[in-house]
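Note that the chains take the letters A, B and C in the order they are written out, and that residue 1 is the start of every chain.
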Amino acid sequence: MIIVLLNLLLAATFVLVFALPGPRRRAYPRRVAVRFWHMWTGEWKDVVDRIAQRFNESQEKYELIALSVPGATADSKFLLAVAGGDPPDCMAQWNQVIPAWADKGVLVPLDTLMSTDEWKDFQATAYPVALKIGSYKGHLYGVTTGLNIWACYYRPDHLRAAGLDPDRFPADLDGLWAWGEKLTRTDAEGNLTRLGFLPAWYQMFVPVFGGSFYDEQTGAVAVEQTGAVTINTPANLRALTWLADKRAELGYKKVVRFISSLNTGGFSTEWPFISGQYSITVDGQWRVEQLAKYAPDLEYRTAPIPPPSGGKAHAGWSNGNFMIIPTGARQVAGAWEFIKFWSGLEQPERAAEFYTWGGWLPLSDKIAKAPEYRKYLAKFPQFKTFLDVLPSENIQVSPPVPYQVFLMDMISRADDFAMRGTKTPGQALEDLEREVAQEVAKRKRSGQ
Amino acid sequence: MRDNRIGYAFISPWLFGFLVFTAFPFIASIYLSFCRYDIISPPVWVGWANYEELLGNDPRFWKALWNTVSYACVALPLCIATAFALSLLLNLEVRGMSVYRTVFFLPYIIPTVATSVVFVWVLNPQIGLINGLLGKLGVHGPNWLNDTNWAMRSLILMSVWGVGGSVIIYLAGLKDIPISLYEAAVVDGAGAWQRTRHITFPMMTPVIFFNLIMGLIGAFQYFTQAFMMTNGGPEDSTLFYALYLFYRAWRYLDMGYASAMAWVLFVIVTVVTVIVFRTHSKWVHYGA
Amino acid sequence: MTENYLFRLSPRKRIVTQAILVVLAVPYVLPLVWMLSTSLKCDEQIFPREGSSISPVSLTNLLPHPVRWANYPDALKTVPFSVYLQNTLLLCALNVIAAVVSSAVVAYGFARIRFKGREPLFMLLLATMALPGQVTMIPNFALFMKLGWYGTFLPLIVPAFFGSPFFIFLMRQFFMSLPEELAEAARIEGAGEWDIFWRIVMPLSKPVLATCALFQFLGTWNDFFGPLLYLNDPSRYTLAYGLQEFMSSYGGKYAQLMAATTLFTLPIILLFFLAQKTFIQGIATTGTKG
């Protein structure tokens, strides 16, 4: 019997391997292939495919092949591909890997691909955040094709039903919390059915409270000579304490339970804000595009995160989608053409349209002022909030250190411990500081 | 028939594979454990630094070790007892026995990836099956995989759910017990419980021993469920040794450190296995 | 098989046993039933909307209504199932053939040919079964990187050609239990060892070959760690790895996720029902001979 099954297996394999449609065939087999990796899935992947198609239609030399390499392992896969001698020609990254990877020597400095004038112009016109994230030790390693800014989304219908005036959005954080309390709903057993406002994500709120994980000037987390790490600063502690206190008021376990029943993937079309389970939430500007597509009739407004007293206005954490080219890429020129095409370094008016497809924030004013982008803003006034926050000095990025993945993991852990009430915020930050200092010392000892 | 050449010719595939994929890497990993190695650049010798760091300065290492050991100490006895008890039940003559055997065996053959996905859904605190059922009984279920105290317990429960394979092994072992022993016991007036205690159990100890050893080796390499379902969380409560090793190697690209971890694991597993083997004679019976 | 009169029960005990078995069987079956049921539900039935009471589990909710068959095609669209299936079948076929044949060859050497160092080498082979995989994992990875095999199927296929200790062990047991006379007769007629192996022993070994083939198929079907480590091009992903990626990328889409899981599991369940005896025999022998 088994031998029969084995034969069937072999036959099925041959049939399937040769008969069924396999992976996509090349659309322009005669052109030079440029391999591009990205991490978008779902409807965003479609946007990327459209941009790739436009690029292919705009010139005759290259065929851009876009590959969606999703999520959690994309970073290490990229590094391993470089190490294995077969990297893609370019990649769109939103994790802040540029410092670590540039340090390892796996990225091509993109300023060397520009002429002196182009480089000067770039430095003068690109938004500060774009330069902050994309540079390391004086060189540019990543060009953004879309910056991300976070702000508050709120639902006037919920507000009105609770007796709050949507035209008078709170000017400070405690005021926003008070609104949230009025909007939260629970059922008969005490389970949450709607969250008015859930302050979460430590790294977003640290800048809002005026804190920081790194030294603005040097970009360092640890002092060079002593290795001393200053994460446990008063402002950082205030931020974590505020978040932990609010979480305790809502009930740690209740919140965990409630969130587990929601569709909270960043890209999912089922956003709890749309389904009414969040009244006020902090999220990225790409949601504007999502709302336009999937809930065009929903009334919503946006506003920057109001600071607490002593905090900073128009603050928050930011990242972006950055295009990088690995060393060892075979088609550096082709990759660079694609990067210029998409980011708008070349023909910003044309590229402005791409930014609107994804609801991304532009690289520079040149794009923000282009007609396509202006049209988009006119159509979606809520988007303006994000554009206003974008040039702010109070926007921070992930610390540009080589051990960034480790650092951000540790910060997340400290956040988690504090949000569950297992550690006091002070304890969590102390431990965090110590762990990071240990890692820094360890790296120094092994010569890194 | 003695013929060295032919003999070695036949086993040459294994021999070659052993040298290339087992022996050489075995030695190489010792070397790597004394290096800093991120796979992109060549390894750099750092002496004992990795081990010092690991054993002296890394609380997550101890947490991972503790998690793995406590999992083994709880899950193994539980799984063995459950499987043994089930096998006794399934050895009886009741109608529909083949259906029951299928039911208990099925979870074992379903791929781990699939069961992980299913259980994440089943254990969803708000809208999952378990808490829904508990809710019907008026019990407010915990947050399971999202609760620091319950995540490990959830994984242990999952292991008990998958004991089907062991049940089959025990069933085969039960069939091997000579019926004459039971007949003699009945003649002596022994009841069912006494027969189980004095005949079944002792005669099954070799099989139990085998399952214990395999279970130990498996427990120390427990990875898939933790990786897929909890990512080591919440709060490191399910950070298993193999998972932490994986993160160190493939997330932080700290392969020298991970090699040191692998070696520490090897030493621990060897020591534990030797200890268990030493107890062998004390409780494992062969023959009558 | 022996007399079962000792295990026959009185009618009353039989009912009690049945009851116990049913009660125990429920938790074993329920998760799978839930998986199937969810795969056919609409999102409205899965996620409580604002205002509705949170009671996702009730007798009415256990069954999907309406039944949404479209979840299955949707899941297949979200994940390129056919590509993954092709890749998985390819890997399974190659691994099964390579592992079974190479293990048989090696097992024959250990079983039927006396050569110097046979016993110690076999002990060594047994010892490797107990070696934690983590020890050799990283250098093996580095080796494959050096060879330029990263991103290809090669690291997932080549090792199978060198015999699998577990299969070698099982097959050796089996070969040793075969009578010597046939081989002796062939040797007298001047047949070489290879001929004896291939023409006489192998055809007689169908049961153990079948068992090993089945186990290897299961192992490769289920393997997601190998692809996790070595594959980066999504067009090469396997079903197991694809499912893992599905969960990490679209974890909130429970209906589709359960549909994908059901599709992934169905062939295995089917295989089990078709080859039940081989399955059970194989697992039973591992325990009793161990």
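Basically, a residue touches a chain if its C-beta (ideal position, glycine included) is under 8 Å from a C-beta of that chain, and two chains touch if they have at least 3 such contacts.
Here the structure is a predicted model, which means the values were calculated and not measured.
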| If every chain is reduced to the average of its C-alpha atoms, which one ends up farthest from chain C? | A
| request: If you tally C-beta pairs in contact for every chain pair, which pair wins? Let me know. | output: B-C
| field | Inter-chain centre distance, chain A versus chain C - centres from mean C-alpha coordinates, in Å | value | 39
| field | Centre distance in Å when chain B and chain C are each reduced to the mean of their C-alpha atoms | value | 16
| remark: For chain C, residue numbers touching 2 or more other chains are 47-48, 54, 145, 251
| task | Enumerate the residues of chain A that touch no fewer than two other chains. | result | 73, 80, 83, 191, 261
| request: Hunt down the residues of chain B that sit against at least two other chains at once, touch-wise. | output: 39, 126-127, 250
| request: Over in the complex, which chain A residues touch chain B? Could you list them? | output: 73, 76, 79-80, 82-83, 104-106, 189, 191, 253, 256-258, 260-261, 403, 405-406, 409, 413, 416-417, 420, 422, 438, 442, 445-448
| task | State the interface residues of chain A toward chain C in the complex, per the touch definition above. | result | 1-3, 5-6, 9-10, 12-13, 16-17, 20-24, 41-42, 67-73, 77-78, 80-81, 83-86, 185, 187-188, 191, 193-194, 261-265, 268, 270, 275-277
| Where on chain C is chain B touching in the complex? | 1-4, 6-9, 14, 17-18, 20-21, 24-25, 27-32, 34-35, 38, 46-48, 54-58, 61, 102-103, 105-106, 108-110, 112-116, 118, 121, 124-125, 128, 130-143, 145, 159, 161-163, 165, 168, 187, 193, 197, 218, 221-222, 224-225, 229, 240, 243-244, 247, 251, 254, 257-258, 261, 264-265, 268-269, 272, 279-280, 283-288, 290
| said: Considering only the defined contacts, which chain C positions touch chain A in the complex? | reply: 43, 47-51, 53-54, 78, 80, 82-83, 85-86, 89-90, 92-93, 96, 145, 148, 150-151, 206, 209-210, 213-214, 217, 228, 232-235, 245, 248-253, 271, 274-275, 278
| Sites on chain B touched by chain C in the complex | 1-4, 6-11, 13-18, 20-22, 24-26, 28-29, 32, 37, 39, 86, 89-96, 100, 103-107, 109-122, 126-129, 131-133, 135-136, 161, 165-166, 168-173, 175-176, 178-179, 182-183, 186, 195, 207, 210-211, 213-214, 217, 220-221, 223-224, 228, 242, 245, 249-250, 255, 258-259, 261-263, 265-266, 269, 273
